[in-house]
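Have a look at this one before I ask anything.
Going in written order, the chains are labelled A, B, C, D, E and F, and every chain counts its residues from 1.
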Amino acid sequence: MRGLIDRLRGVERDIVQAPEAGSGPYYEPQGSEIAIFEAAWRRRLPVMLKGPTGCGKTRFLEYMAHRLGRPLVSVSCHEDLTSADLVGRFLLDGESTVWQDGPLTRAVKAGAICYLDEIVEARTDSTVIIHPLTDHRRRLPLEKRGLEIEAHEDFLLVISYNPGYQTVLKDLKPSTKQRFVAIDFRYPSAEIEARILQNEVEGLDAELATRLVAIAHKARALKDHGLDEASSTRSLVYAASLIAAGLPPLEAGEAALINPLTDDVELAMALREIVKAHLAAA
Amino acid sequence: MRGLIDRLRGVERDIVQAPEAGSGPYYEPQGSEIAIFEAAWRRRLPVMLKGPTGCGKTRFLEYMAHRLGRPLVSVSCHEDLTSADLVGRFLLDGESTVWQDGPLTRAVKAGAICYLDEIVEARTDSTVIIHPLTDHRRRLPLEKRGLEIEAHEDFLLVISYNPGYQTVLKDLKPSTKQRFVAIDFRYPSAEIEARILQNEVEGLDAELATRLVAIAHKARALKDHGLDEASSTRSLVYAASLIAAGLPPLEAGEAALINPLTDDVELAMALREIVKAHLAAA
Amino acid sequence: MRGLIDRLRGVERDIVQAPEAGSGPYYEPQGSEIAIFEAAWRRRLPVMLKGPTGCGKTRFLEYMAHRLGRPLVSVSCHEDLTSADLVGRFLLDGESTVWQDGPLTRAVKAGAICYLDEIVEARTDSTVIIHPLTDHRRRLPLEKRGLEIEAHEDFLLVISYNPGYQTVLKDLKPSTKQRFVAIDFRYPSAEIEARILQNEVEGLDAELATRLVAIAHKARALKDHGLDEASSTRSLVYAASLIAAGLPPLEAGEAALINPLTDDVELAMALREIVKAHLAAA
Amino acid sequence: MRGLIDRLRGVERDIVQAPEAGSGPYYEPQGSEIAIFEAAWRRRLPVMLKGPTGCGKTRFLEYMAHRLGRPLVSVSCHEDLTSADLVGRFLLDGESTVWQDGPLTRAVKAGAICYLDEIVEARTDSTVIIHPLTDHRRRLPLEKRGLEIEAHEDFLLVISYNPGYQTVLKDLKPSTKQRFVAIDFRYPSAEIEARILQNEVEGLDAELATRLVAIAHKARALKDHGLDEASSTRSLVYAASLIAAGLPPLEAGEAALINPLTDDVELAMALREIVKAHLAAA
Amino acid sequence: MRGLIDRLRGVERDIVQAPEAGSGPYYEPQGSEIAIFEAAWRRRLPVMLKGPTGCGKTRFLEYMAHRLGRPLVSVSCHEDLTSADLVGRFLLDGESTVWQDGPLTRAVKAGAICYLDEIVEARTDSTVIIHPLTDHRRRLPLEKRGLEIEAHEDFLLVISYNPGYQTVLKDLKPSTKQRFVAIDFRYPSAEIEARILQNEVEGLDAELATRLVAIAHKARALKDHGLDEASSTRSLVYAASLIAAGLPPLEAGEAALINPLTDDVELAMALREIVKAHLAAA
Amino acid sequence: MRGLIDRLRGVERDIVQAPEAGSGPYYEPQGSEIAIFEAAWRRRLPVMLKGPTGCGKTRFLEYMAHRLGRPLVSVSCHEDLTSADLVGRFLLDGESTVWQDGPLTRAVKAGAICYLDEIVEARTDSTVIIHPLTDHRRRLPLEKRGLEIEAHEDFLLVISYNPGYQTVLKDLKPSTKQRFVAIDFRYPSAEIEARILQNEVEGLDAELATRLVAIAHKARALKDHGLDEASSTRSLVYAASLIAAGLPPLEAGEAALINPLTDDVELAMALREIVKAHLAAA
């Protein structure tokens, strides 16, 4: 079996990749977000995608990168991410140290779209390092090498920001926010969300899609009653997938729409009522 | 004696191992957990096992890995665990640095089931690093190498989560939870728990098993009276084992069912009453 | 496409650069700031630029560096910036360690203007290391090498400081502040700000420039009603650029003047009213 | 004298040592602790020794290790102890890095009893790393090497735990405690404690031993009056040793039974009264 | 221009330097500080200079070092300064590590006066490492090398201390303070301060010097009304220098005496009134 | 002069040194401390010296080391001191790492008296590492090397402890304190203190010594009125030394007995009155 494992092992590839040919990722437009992004792109103004969890920000950016024909470099930020993780660092190689560009540096050089997902989570040096990239200078200082890089003419910086998550300790400084053009995202309308479901889960019939979306809309109303976060479109896709894989609808709803959302017994019961009301007959 | 020590020393082996042949680990199903897991596996949806200490989550996963014929890589998370511990790091080797894959990377490449036990304990970079593995991308970025890995088609990510332990400072973000299909675990029913005991401790007679389970059920009711945590099935196995090793039942109860559970004199007395009531005559 | 990427990659260049020939950066004087800076320069007194976000401090310094014919070395400070990041550090090279000057050391040697942007954010060792550079000694100690550097006769130290941002934990010590001549910056007058807009965005007509400036002045009045930070000149440039790129004025206002400034629904509505009042007919 | 120093220098030896031949360490049994330990040993169940400072937990384990004929590896835990200190780390050796097993790894391989003294003091990664050693897996993962070790069949893990010391921040998780069979230790009875004293301090007459023990019992009663910790058996051994070395009894009591226990003037006076009442005539 | 930059680059020199020949630094004595310092020097007692910001402590020490003919090694302390920064560390050089003395070690060996400026800011290991240098032992332990250094017979340790800055968390321990002879510094008298101004700024006429000093005395009275720190002599020198460089007196006052001292609008207005009252006619 | 500096440079020597021949350090006994220490030494019981700042603990230990003919290794502890600083660490040397013993390890091997001054300041791993050295085991584990050292038969561990300094966060655990025989130190009686002064400062006449001691006794009474710490014997030696160096008595009192003790104006005035009352006529 060890041979089997070796034969099938995951494929390594460069993080900077030209977009694949073809029609590109599926994306359902919700408003003027494509026009705003394209205007910002024309002037190379940095962009901030604002909006809640799982509302499609990442997918939108994959769609725009394909549409504009630019590579996309994504970095998920977290509280241990330092500027060195973005910019690069020296590594020992044989008898000397060699510099290895980080993902931001590579994107700056290659003219890629660089997506710093939830940058507010990163250490502050990471938010400061991008300042000179976001104004007329369009430069990335590599202070450890005594160099700076003038960005490729097609480089674009994009960050995401979830307004509900920030705390007093962790928030983007207003002076940083104003360095971006900002696009607001919300959950899609029921009609659009049902179309997304059908597109994501092959063979999902329209009625079940509509029922699942109806559950989400009811569940989102519980957010003011203590639910930490509304059901995301992703949760609906999971529920539909489990049903498509043969699981009874009520069990699929339990596993995808209730258990991941809450540990609270009463909230779970409220969600269960909603699920039953829409899926019991499915 | 030094020679003796050398001869018997523990065996080192790779952490990615094909499941052993044969009937696999013993597991008593409690509900639809096997069906849910198999549906998630068919769609390669990431899975979260929710439930209290010692209720059998680890054993369930060993059982499922054997049933599905996949290797299982387990990582116990803790608050000093960083993404480098999961993904890998550079090591000095002779005159150059070489990259060494971490356990997550190895599982991603080998198509193993990777089990991150109590991931909420880990540093936040560890929870962020798994995001691209849990959506349509199924990719693991190795940022320090400027690479990303497309997961093996059989790779599955599983995490565990104990709802009773989270604090304000340490909890999975709702956006992370919704990236998983979640299966709820509880303590097994008395009948099942007695069967588990008899299976684990060779020669344990049915009556003693039933008595021990009865103690646990009584003790679990004390949880609302200040006991930090209910008696686990593991504690019952320990008590039965000590009795099987020749220790008088009351002393076995003291050592396995009372002393490890509480330092409080009154709670210890309450537990002792329960133990005596069921084991004094054993 | 990979070849394309390589061909267009961003240009690396030394951070210490002689000013470009020509008329230099565009700058609209607001008061006596040029005279004060030149007097300080003549006596080589260190300078502190005080003022809010996006009011033109960086641009002013680029202008002065060009006017005085000195190279400009800028460092954006942040809470992980240590004195080693400014002064330099030892790196492994082949079989020995070599010293690499940091940006401050390079500026001190080259007689550049060194600009430490928001130095209060840096670690305290960074603010202490500049003390001997700011008095009659004009020396930079390289303690790790057991050396000190007598500054080039044309070296000048400039720092920036945003009075609104400091907290009890993060503030320049009075003893540090008094080592600088300080120039106060404010937002430009409406007339000057409109001129700046027209200069920055080619083809922007005077009326639209005036309207945008009027929005900013109204929005700045909201600062006492909970807005974290007033609209910067930069935001106006962004709005004008998006309009110039073909976006309808109201959508440009939404993306550049509302979304980046606030997540609060009511404040956003107040801003939206202001934007509509001035741009609806544009 | 330098030569003298070199000649008498302390002896280095391996931390894993076969027990010495002969009758082994002196130990006075207090209850069923030997039977419980032997039952746990027969089933290879991990053991937790609970009890206050200086009540003989370390000595008991030395006694059991000798009785069972296993090497004993002890590690005193502290808040800077990480899992690497237990498991091992890479060291540079010549041109490559070599792995060096930590004390836990060596015990696991050699089939020793590994004693983690006050493990609650260690960093949490240390408590998590032992989990797979304490259940049916009996494996120690060496994550940095991508290996795991199947424990030697004679390996036994023992930890100690002082119920009086834990705080909200530092306590073993209930899920960790339930992985152990626990043995409760208390201070020995007066009769046993006097026997211990006579055994430890050669030539100590029975009456003085009895007097010293009486002091300790009186002093322990002060614990509810502000004394941080009761007099340990060790303190009594010190007092007896100083008297045996020729110091007057009252001064020995001052140095061993009063000064180390409190800095409080009134508590010291109370202790002095107790000492005088029992030793003035000695 | 690059050639120009290289030709004029700052001069590197050893931090331990013999005092320059000639009359030495200008210093205006304020009381018996020279006599106290010389008496301490004769007995090699360590000295602490106490006093507020910018009152001339550094200048005094430069003067004394020249007067006594000893080299002066100054270290500005900060909260990231560790004992290794003072004592030295191992560096990689070729194939081995070499020890590099820190500035304190070099001063101890060379018999220099070592000045630790604001030592209370440094990490505590820095204040402890100097203890054996401040008593009869006069030794500096180099614990990392297993050595200690007997100080050169002319070595003298001097520290500075600003009584207004200490907090509960950051203060010299009384046991450390008592290891020093302490000299109190205050702002100079009006007459002396005017003389200092004229000496520092060539061509400054006596009347303007007197007016500037009068401003400082008025401003210092504001310290009880919320001003963080009184105007230092250094601020007066800056104001005089800007005037000498051609700036109108009121603007020089704004830049040197108001802006660096406060961000508070009302305090700034109060200072402005004082400046106007004395300089409007200048 | 550079040559001069090199010629006189401080002498490096090993930290483990045989005691010098001759009569040894001057020490004035205060009570039974010598007898207690010798009794502890005979039984090799670890010793704790308790007492306030500057009351002679260090000098006592130097005296005892000379009297017993053992080398003395002193380590001043501080909050960054780790067990590696005491025990040793690996250093790179040429192509391999070599172990370098720390001062504690060297003392353990050489049979020296090891003095850990204010050990409570050190990190907790430092206090735990000494546990096996303080009981019947007398072993020092070198965990990083997988070794342990059996202490030289003449090794003795001594720590100091200042009861006034401990806080809730920083205190020796009772279980650590009980591992030591403790000797209480106080300030010497007036008569003894005057003798110490005369012995320390050559040529000091008896009357001045008596007057200085009288100042200290008065000043110590101020401790209950807000003075952080009483005047130490060391301060008196400083005052006497400055007078011997020619400084007028009142100025010597100011520099040695007032300025180092307090920054408070009223306390300073109270101290000044005391000094004047005793020294004005001197």
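One rule holds for everything that comes next: a residue touches a chain if its C-beta (ideal position, glycine included) is under 8 Å from a C-beta of that chain, and two chains touch if they have at least 3 such contacts.
Please read these numbers as outputs of a predicted model, since none were measured by experiment.
Asks: Any idea what the CA-fit rotation angle from chain B to chain D is, to the nearest 5 degrees?
Replies: Value: 60 degrees, nearest 5.
Asks: So, what's the distance in Å between the C-alpha centres of chain F and chain D?
Replies: Centres of chain D and chain F (C-alpha means) sit 30 Å apart.
Asks: With chain centres taken as the means of their Cα atoms, state the distance from chain B to chain C in Å.
Replies: About 53 Å, centre to centre.
Asks: For chain D, what residues touch not just one other chain but two or more?
Replies: Counting only residues that touch two or more other chains, chain D contributes 92, 95.
Asks: Chain sequence round the ring, chain C first and chain E second?
Replies: Putting chain C first and chain E second, the full ring order comes out as C, E, F, D, B, A.
Asks: In the complex formed with chain E, which residues of chain F make contact?
Replies: Within the complex, chain F contacts chain E at residues 1-2, 5, 8-15, 53-54, 58, 74-81, 85, 91-95, 100-103, 106, 117-118, 121, 162, 165, 228-229, 231-232, 234-235, 238, 241-242, 244-247, 251-252, 254-256, 259-261, 263.
Asks: Under the stated contact criterion, what part of chain B meets chain A in this complex?
Replies: Within the complex, chain B touches chain A at residues 16, 18, 32, 35-36, 38-40, 42-43, 45, 48, 50, 71, 82-83, 90, 92, 95-97, 108-112, 123-125, 127-129, 131-132, 135, 140-144, 146-155, 163, 166, 173-175, 177-184.
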